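Have a look at the structure below before the remarks.
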Amino acid sequence: MQQVALTEQLHLSRIVYGWWRLMSWDMDTKAIEQRLEECLALGITSHDHADIYGDYLCEASFGKALKNRPDLRQKIQLISKCGIQLVSPQRPHHGRKNYDTTYAHIVASAEQSLKYLNTEFLDLLLIHRPDPLMDADDIARAFEHLKTSGKVGAFGVSNFSVSEFNLVQSRLSLPLVTNQIEVSVLHHASFHDGSLDQAQQLKRAPMAWSALAGGRLFSGNDAQARQVRQALEQTATDIGAASIDQIALAWLLKHPAHIMPIVGSQSLARIKAASDSLNVTLSRDQWYNIWEAAGGELP
Amino acid sequence: MQQVALTEQLHLSRIVYGWWRLMSWDMDTKAIEQRLEECLALGITSHDHADIYGDYLCEASFGKALKNRPDLRQKIQLISKCGIQLVSPQRPHHGRKNYDTTYAHIVASAEQSLKYLNTEFLDLLLIHRPDPLMDADDIARAFEHLKTSGKVGAFGVSNFSVSEFNLVQSRLSLPLVTNQIEVSVLHHASFHDGSLDQAQQLKRAPMAWSALAGGRLFSGNDAQARQVRQALEQTATDIGAASIDQIALAWLLKHPAHIMPIVGSQSLARIKAASDSLNVTLSRDQWYNIWEAAGGELP
Amino acid sequence: MQQVALTEQLHLSRIVYGWWRLMSWDMDTKAIEQRLEECLALGITSHDHADIYGDYLCEASFGKALKNRPDLRQKIQLISKCGIQLVSPQRPHHGRKNYDTTYAHIVASAEQSLKYLNTEFLDLLLIHRPDPLMDADDIARAFEHLKTSGKVGAFGVSNFSVSEFNLVQSRLSLPLVTNQIEVSVLHHASFHDGSLDQAQQLKRAPMAWSALAGGRLFSGNDAQARQVRQALEQTATDIGAASIDQIALAWLLKHPAHIMPIVGSQSLARIKAASDSLNVTLSRDQWYNIWEAAGGELP
């Protein structure tokens, strides 16, 4: 599978596997090990986590598989996130939902992720949400500490606006290597708010969450979802693709910013379909059919 | 007439003549030659085209006049645009309306414009619309090829947002010399979205399309059009101007970004009125009367 | 009281006293002198004016106190603004409300402020509103003249967007040291439009006008005001603060951009409460309770 070089050291697989729904999949440790092998066989080496996924349980569950199979660690890239504080039985001291991007929280959260994941090293750590109280110096100091101590290899953000990205970058000697944003055939905000322009300009390939619009693509009943589904089905038929998710991902892959879709399906068939999307090249006509079906303007 | 220096080599007349409606004017080649002479007499030396104007027929029609009068070529500046692909009898291979800012399309379109216009050189080539799929490296490569091969002298964009402009500029060794935007007494978006701030900051004088609001100024029946028309009429009376279009253009000319209005009227009287607008200097009171009549805020 | 260093020479008190309602306070010159002493005793050394406050009468009224007490001048910082032209009996030659940011107007307005205020020196001069016609070179020339002539020490803007700030800064050799913006627990625009990001990135501490939402905080009956008031009251109770305005100001003070609230109350008790807000440190939970009560999103 194609890889995207975010730094000299950090290469992600173009399709990233997302574990945020793991706790609803009812996979035991063996099944997780098997899934890791299956992803590897497809060339999907990058795995997306966050401290809060599965109500703070997801990383630990995944980490048991890594403990059983330490040989896998060097073959994969681990991504995690921090900065959101949830009310949870796992965190009884949390009074309410907050963001927290202080030095202390970032460092503690990253170290906790390392423990849960049974690893000594995160390949990539992201600030999960822009915190209206974020102190860019504090974030920079935390990132630089985690880098120097060898605990995290590279850093980025998620859901950041252009000015929020620039603010944090301005205080940081390391590059913010990515902005993980919501973008899909059904969600075009990043085409209009400057995010994709910034990503292309700075050559920081963005990661795409909800790359298949969280299932709305397959079953959404609103007008936009139905129109886009129809356009995807037409294109799938025209080019002989097996399923519409391949087309929806190929639509993201065609963008010059080098979007890396995160696929978070339990189904191996879906993961294979995602992997196959790299072999699909949409024509401009096909791409714009989908753009327009989603309500994208073309004045 | 005042000229605006976009580069050392490229000076445009402050008022630019727009040919986008040529095919509806029913002008024969002789009439086009005469119009060129009339414009020259007024100091209007810059002529705005696009590949798609008149359903791809406009440039060729204009080019016949240039073929008859090769002596005129050195006295005028030719501007064209590319990047939109229309469904048209002239382009039977086009499957649907698209944008196309690939290297191949830009170069082929510019070369086609040269043939139609019967010239060996475009003074200025613009990307007509921001293409959500635009690859800035590709655009830069096309522009640099056209520059090196002597086919185009300078480059710009049209309808680009601030971040889209910055993206393309970031990959280009040549300056983007202008952004041709919609701006008029009835269309203020560029005052609020950063476009005019960027134009002034980078000293890239913008061109104004629909500078007279596409006729809405004269006959629009909505509240905004009626209020603005009334304010324009009052000012025309106050300063003894012959017509409201002079005031509407003088309103644009007063802006410090050095806006270059494109006037696309068939009527010689209108063109003369436009030319005369350069002799009208609005006071701040007059300018703000019109701003406020159009709904512009003044907190 | 904490001071904020805007330049090496210019330090403002973290709480700034605002005089815009002076003419409605019915204070005589002695009372103004007393107010200056009271502010000094609290460490509030910075005083915010504008040419237009009190229908052009405010600065002169304040200036009488300074004339009586020239010893106070060196102990305080005087801030004024220019660029708005009001219809007023004090300015019979003004035809209508306008903005005017020409060289001539800026210089004349600043010189007039000096006369009214009975001082030879303004510590800080701001452009009051972004003028759609502003010529950044003109503004820069006026600022540099006022600096060179020793009449004004530092310069800034008010209510400027990010791109307007960047435009003016791009032509100015001096730093724009602040953007005086509307921000409060009830007014979050600057959290979303990039203004606070820019302020933090450039390390230009913003001043906050309507820092207590112009009284809506205390008596507003709309849903947002009621919810926020309730959250402020809860927090005041929790931490034993005397009043909700302390909490509302502490909420601004917690932001890492170093917001300087302007307090424009006639009541000495309110001014003391404002001063006390510097001793209140909100927890993140408390800050986000207020953010969310005001409708701030937390996805």
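When the chains are written out, they are named A, B and C in that same order, and each has its own residue count from 1.
Simple rule for what comes next: contacts are C-beta pairs under 8 Å (C-beta built on N, C-alpha and C of every residue); 3 or more make two chains touch, one makes a residue touch a chain.
In this text, all values refer to a predicted model and were calculated from it rather than measured experimentally.
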{"item": "Touching chain A and also chain B, the following chains", "value": "C"}
{"item": "Superposing rotation of chain A relative to chain C, computed on C-alpha atoms, to nearest 5°", "value": "120"}
{"item": "Geometric centre distance via CA averages, chain C-chain B, whole Å", "value": "42"}
{"item": "Numbers and ranges of chain A residues touching at least 2 other chains", "value": "162"}
{"item": "Interface residues, chain A side, partner chain C - complex", "value": "95-100, 129, 132-138, 159, 161-164, 166-167, 170"}
{"item": "Interface residues, chain C side, partner chain A - complex", "value": "162, 191, 194, 197-198, 200-201, 254-256, 284-285, 287-289, 291, 296, 298-299"}
